[in-house]
Amino acid sequence: DFLSALDDVKPLFGVAEEELSKRLRHGIIHFSPFIKDILEEGRLYINQVRKPESSPVLSVALHGPPGSGKTALAAKMAIDSGYPFIKLISAEDMIGFSEMQKVQQLDKTFRDAYKSPLSVIVIDSIELLLDWVPIGPRFSNTVLAALKVLLGKEPPKDRRLLIFATTTERSVLNQLDLFARFDAEIAVPNVNTQAELANVLRESGAFSDSDQQRAISEIQEITGSTEVGVGIKKILTGIETAKQDQDVPGRFARVMSRAIAASRGSQS
Amino acid sequence: DFLSALDDVKPLFGVAEEELSKRLRHGIIHFSPFIKDILEEGRLYINQVRKPESSPVLSVALHGPPGSGKTALAAKMAIDSGYPFIKLISAEDMIGFSEMQKVQQLDKTFRDAYKSPLSVIVIDSIELLLDWVPIGPRFSNTVLAALKVLLGKEPPKDRRLLIFATTTERSVLNQLDLFARFDAEIAVPNVNTQAELANVLRESGAFSDSDQQRAISEIQEITGSTEVGVGIKKILTGIETAKQDQDVPGRFARVMSRAIAASRGSQS
Amino acid sequence: DFLSALDDVKPLFGVAEEELSKRLRHGIIHFSPFIKDILEEGRLYINQVRKPESSPVLSVALHGPPGSGKTALAAKMAIDSGYPFIKLISAEDMIGFSEMQKVQQLDKTFRDAYKSPLSVIVIDSIELLLDWVPIGPRFSNTVLAALKVLLGKEPPKDRRLLIFATTTERSVLNQLDLFARFDAEIAVPNVNTQAELANVLRESGAFSDSDQQRAISEIQEITGSTEVGVGIKKILTGIETAKQDQDVPGRFARVMSRAIAASRGSQS
Amino acid sequence: DFLSALDDVKPLFGVAEEELSKRLRHGIIHFSPFIKDILEEGRLYINQVRKPESSPVLSVALHGPPGSGKTALAAKMAIDSGYPFIKLISAEDMIGFSEMQKVQQLDKTFRDAYKSPLSVIVIDSIELLLDWVPIGPRFSNTVLAALKVLLGKEPPKDRRLLIFATTTERSVLNQLDLFARFDAEIAVPNVNTQAELANVLRESGAFSDSDQQRAISEIQEITGSTEVGVGIKKILTGIETAKQDQDVPGRFARVMSRAIAASRGSQS
Amino acid sequence: DFLSALDDVKPLFGVAEEELSKRLRHGIIHFSPFIKDILEEGRLYINQVRKPESSPVLSVALHGPPGSGKTALAAKMAIDSGYPFIKLISAEDMIGFSEMQKVQQLDKTFRDAYKSPLSVIVIDSIELLLDWVPIGPRFSNTVLAALKVLLGKEPPKDRRLLIFATTTERSVLNQLDLFARFDAEIAVPNVNTQAELANVLRESGAFSDSDQQRAISEIQEITGSTEVGVGIKKILTGIETAKQDQDVPGRFARVMSRAIAASRGSQS
Amino acid sequence: DFLSALDDVKPLFGVAEEELSKRLRHGIIHFSPFIKDILEEGRLYINQVRKPESSPVLSVALHGPPGSGKTALAAKMAIDSGYPFIKLISAEDMIGFSEMQKVQQLDKTFRDAYKSPLSVIVIDSIELLLDWVPIGPRFSNTVLAALKVLLGKEPPKDRRLLIFATTTERSVLNQLDLFARFDAEIAVPNVNTQAELANVLRESGAFSDSDQQRAISEIQEITGSTEVGVGIKKILTGIETAKQDQDVPGRFARVMSRAIAASRGSQS
């Protein structure tokens, strides 16, 4: 029964892993000790769901600011789980879908997962799946209702399911009465300190030690602060843009300062 | 006539009982004397509907905070009623349904029930059936209208029907002019005191006496209060997570403290 | 012409009377002299419509608090009219209908009535037909529009029509510009005094004289008032529940006190 | 060309006249000199449209309180015009129509009218055609748009059209930017004074002189005022109800006083 | 290429001119020197579009109070342009059209115009095309979006297009972000002074010199002001109505005074 | 693989370039040194995307006031990129499309781009694609959701994509949570100073030196300011209109002054 179920889901398995690997294009840089803590907490939930006496479904929400690495971390955990069924649910694969079609896609993925004894589903960017827009506000009530039900639904006998979901909109999901339905939550942080930023720059290999120091002190000068507070994603793209310029650290400092300002603006 | 009606509904019967048993995975722990009172009040209504001279339809609303055990208690009462027709209506079985399809499903279940001389229907999580979202607010007017009518509709001659419904949203249902249409209501409480929590921990078998005491006193320390105020469901999941950790009582204390804080936040 | 028209509507007639009788399951208890006044006023309108020189259509709204007996009284008047065509329009028979289907059903019933020289139509719970919800507020504009037109529409030559309609939402219908379109209105009262309540208990045969007195004085004690203010329907159901208990008057007092509190809460 | 056009519209003609006559069931009572003024103003517009050198389309709005006789007066004018094409547009003939179907019906009636050299169209109760509800407010934008265009649209060559429209909602139509599109307006008054009321009672033949006086002075006593301010329609229905009672003037006084109170309530 | 394109559009041409002529039923009365200025400004734009080196599309908005003559002036300019393709877009030809059908009609007219080397399109009463209602406010977003795009869209190579559009709702179109998309605007004035009004009366031939003076001075008396401020259209209709009366100047004065009051009311 | 992909997209390529050239009808006038900076920044991003080690998708938003030249500049950059696949997405090609059809068109264009190793897509006037209207506000949530996803979606392996998008509504896109999803932004300025305006007039060849000076000083006189603040597009159209007049600089001054006033009005 276990093996035949496995056969059933194998073709899906490969596809999903490729999709998930694409989310890890820059790997995981350990710019802060929190990164290790997050990955360990993930392993804890992976073990809990393996235990036959524990609840057969467990849902974990990864939340944090834009570009902080939520999707990459969820992908990493899912890939490392070793579960036979792994699947990514993403708005990217539902462009032009009606609300009903999205719900059917969600439902189908869960039904597929129920065919495997052990499954992990990554639901990426819940706010995008919900078509959330702060003006109005607007969102898909149909998709929201389906997510609420699917998070709490018990799998069939002898089937066990772990759900990782990512979102930038923790407080919105709270207001929508969705966030509290997760069994656990993991906060994913920005790159916040100059030391953390230095770690990222070192790993990137694009900066000499002195360039790195110059870039960081120029950022401090422009922004008038030692705080960084930007997602790892923006930093990595900023490095790429800076590399096109003759003055790499100078360009990087200007690009980052703009990102820091934008990030502060949207927070307040 | 009685027997043929019974034959008619038998296949439905089995399915429903299995569905209802799944809601009782952790059984009913008597962590407080109120649990017995609730089950007794349920039996009172079960007896009333049996009486041929009383009204042929009676509806009872079980309301209480999230995870307090409403669904488990309603399932328990329905299974113990001994009525020939028992059926669960749940949003889980209606994912991706249109409003109209939900209403048709509701209507069909009631029509099926009317085929049996004695029936009990459990309507689980009315707020989910209504697609209630506080933002807007939004809800399905079509499903709401159907529920209003079905609660008051008299069964055909010689048919008698008991309805148990569960909800976390008593005051919302009141504003929607639905709650007052129930004939009776039962309040389901959280695990509120340290003594009640100790009862649950003892029953779980996962804590030694000293571990139990340590966990409870650590919770008091972190939350700064002797009040608990968390649903039995969160407590049971918290025990499962804690069991994965080397320091079981410590982990349990941290997980519970977070749950207590979240629970307080959503109340105020 | 008269006879052939009569033939046409006969099959409808029987069905309707059975439906209406179901609304009179507990008969009409004369707990107050107002009940007789109401029935007499009904007879006055029944006579008026019979007169060939008077307007060929007359509409009467019965309004009052929930469970006060509006539907039972309208059913009683319709059955006692002796008119050859009697029909009940109720949301119970339109579960899952679209707005358009409801309008077609309304229209059809009026067209059927126009086939008989003398007809009475009971429109039960207009607010339910309109899918009225105070949140929003929401209601079916399509059904509302149809009702407005049908109330004022003149029957074909030599056809005469009396309409009884019931509602708990007099002021809502007023705001919707529907109530003023009725030609007359009848207010249906709650059971308001201890004397009236005593009349109901006596008629029920479930209480000895001393039990009756004990129940009433316990209610006064719990609620701290001699006012009752509850619909006859809740009282009759309360008696049924109390009869399951060993302490009948005590249980009745508790159940009624809760109903009185709820009734006051919704009024203010 | 004139004659063949006439042939074309003849069958429509008869139907419409019957429909219009039904609106005149109680005739026109000259309870005030204003009634004659109104009918004369109608004749003026009828003459104007006949003149080949004047504008080929003219629209006149009759507005006034509920039941004041707007429809009856418009019907009277249309019937007395002697135009070869006369047609009534009423919500009564559009029950259950979609907005689009209403517009098509409107459009068709105008197209039919354009086939006759001289036509008069009565558009009854514009607010009902628009499904106007003050809550929201709601109304059919599609019907509104069609009316705006049809009022201003020039008929084909050698075709001339007069439009009478009735409404209780002058200020609403103003806000909807519809009222100003009428070429002329006629105000239809209530029965406002005791003298006017006496004229109506005398015409009805249901009151002796002394009964009449008693009724009027009782109304003054109950309402505490000599002002009447009720539509002729309510007065005529009130007389019919009173005739069922043994005490005709007494009943009439009570019924009228209620109507006067209701009328005052809705005005303020 | 030019000639074959011309052939293609010829049948459309005739129809449009007839339609446009109907809008000029009373011709253009030069009651003020502004009228000549307006027509000259129109000719300027007509010349500009003819120039091969200038932008191939130019849009001009005629805006002013109701009945001020916007449509007649746009029709006059279009007819006098001498362009091979002339077309009127009017809500009158789209009664009962869905929003999509309106857009398709708009799009088709522009595509037809693109077949001719030189085209002029008159878009009449944009606010009607948009189904604009101030309550809500409501309007067709679909038609609005199409108009925005069509105004800015460049014709194919060697095709040149002039657009005249009329509206009473300049400030609304501004808020809808439509007005600013016009390349030029022309303000059309009311008949504002007694001298201007006298010019109109003289041209109409319906008044002797003394009647004219009497009418004007009576208007001044009734309105208490020498200002007129009414559209030419209302004045011309008022003359027609007055001609049915024995006292032509007296009637005219009363009708105009009412129009002046209404016009002032809607302005403030 | 590269070549066959190229073959696939060739027919699309030609069409797009023609479409883009039409947006450059007046070329690029270097009225300010900023224009060169903008074009250089564009080249930087074009180089970055070429690099195989950098992120495979990069999106750049060109934002600025109406008519400031955003579309022309984006077209220029795209044409000069030398990428094998170039495509323009514009609301002009989607008149009368449903929201779903727009999304499908967007999706198709991106899929087509993914067939080429290097692609640039110009998304013109995002606010028009979204059917944005400030009243409401209204916008297409479906198109918005698709844009959000498409901006972040990673192309298939070995495919690289650069996106230029233009908008006048930077702050709206920010509120819609769309703007922050762009990797970079370029601000496009108005013609702001008299010196810049003089550069444009000189380039146009329509003004003698003295005419140019006269025009500019007349504008200063009328507007009472030396600030210009108008988009290059309005200035170029203004020159064309002025050329039809005998007094070219005078007419130009009047037209420009009106444009300056309008531009100021909409800013505050």
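First chain written, first letter: the chains are A, B, C, D, E and F, and each begins at residue 1.
We adopt the following convention: a contact is a pair of C-beta atoms (placed from the backbone, for glycine too) under 8 Å apart; a residue touches a chain by one contact, two chains touch by 3 or more.
Treat the numbers as computed from the prediction; the structure is a model and nothing was measured.
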Quiz prompt | Any chain that touches chain D and chain C | solution = none
Exercise. Quick one: how many steps at least from chain B to chain E, stepping chain to touching chain?
Key: 3
Quiz item: In terms of CA centroid distance, which chain is the most far removed from chain C?
Solution: F
Exercise. Over half of interface residue numbers shared between chain A and chain F means same, under half means different, so which is it?
Key: different
Quiz item: Between chain B and chain D, what is the gap in Å from one C-alpha centre to the other?
Solution: 58
Quiz prompt | Distance from chain F to chain E - Cα centre to Cα centre, in angstrom | solution = 34
Exercise. Hunt down the residues of chain D that sit against at least two other chains at once, touch-wise.
Key: none
Quiz item: Connecting every touching chain pair, does the picture come out as line, ring, star, complete or other?
Solution: ring
Practice problem: Under the touch definition given earlier, write down the residues of chain D that touch chain E in their complex. | Solution: 44-45, 47-48, 51, 53-55, 100, 103-104, 106-107, 137, 139, 141-142, 144-146, 148-150, 152-154, 175-177, 180, 183-184
Exercise. Give every residue of chain F touching chain E within the complex, in rising order.
Key: 22, 25, 66, 91-92, 95-96, 98, 128, 131-135, 138, 236-237, 240-241, 243-245, 262, 266
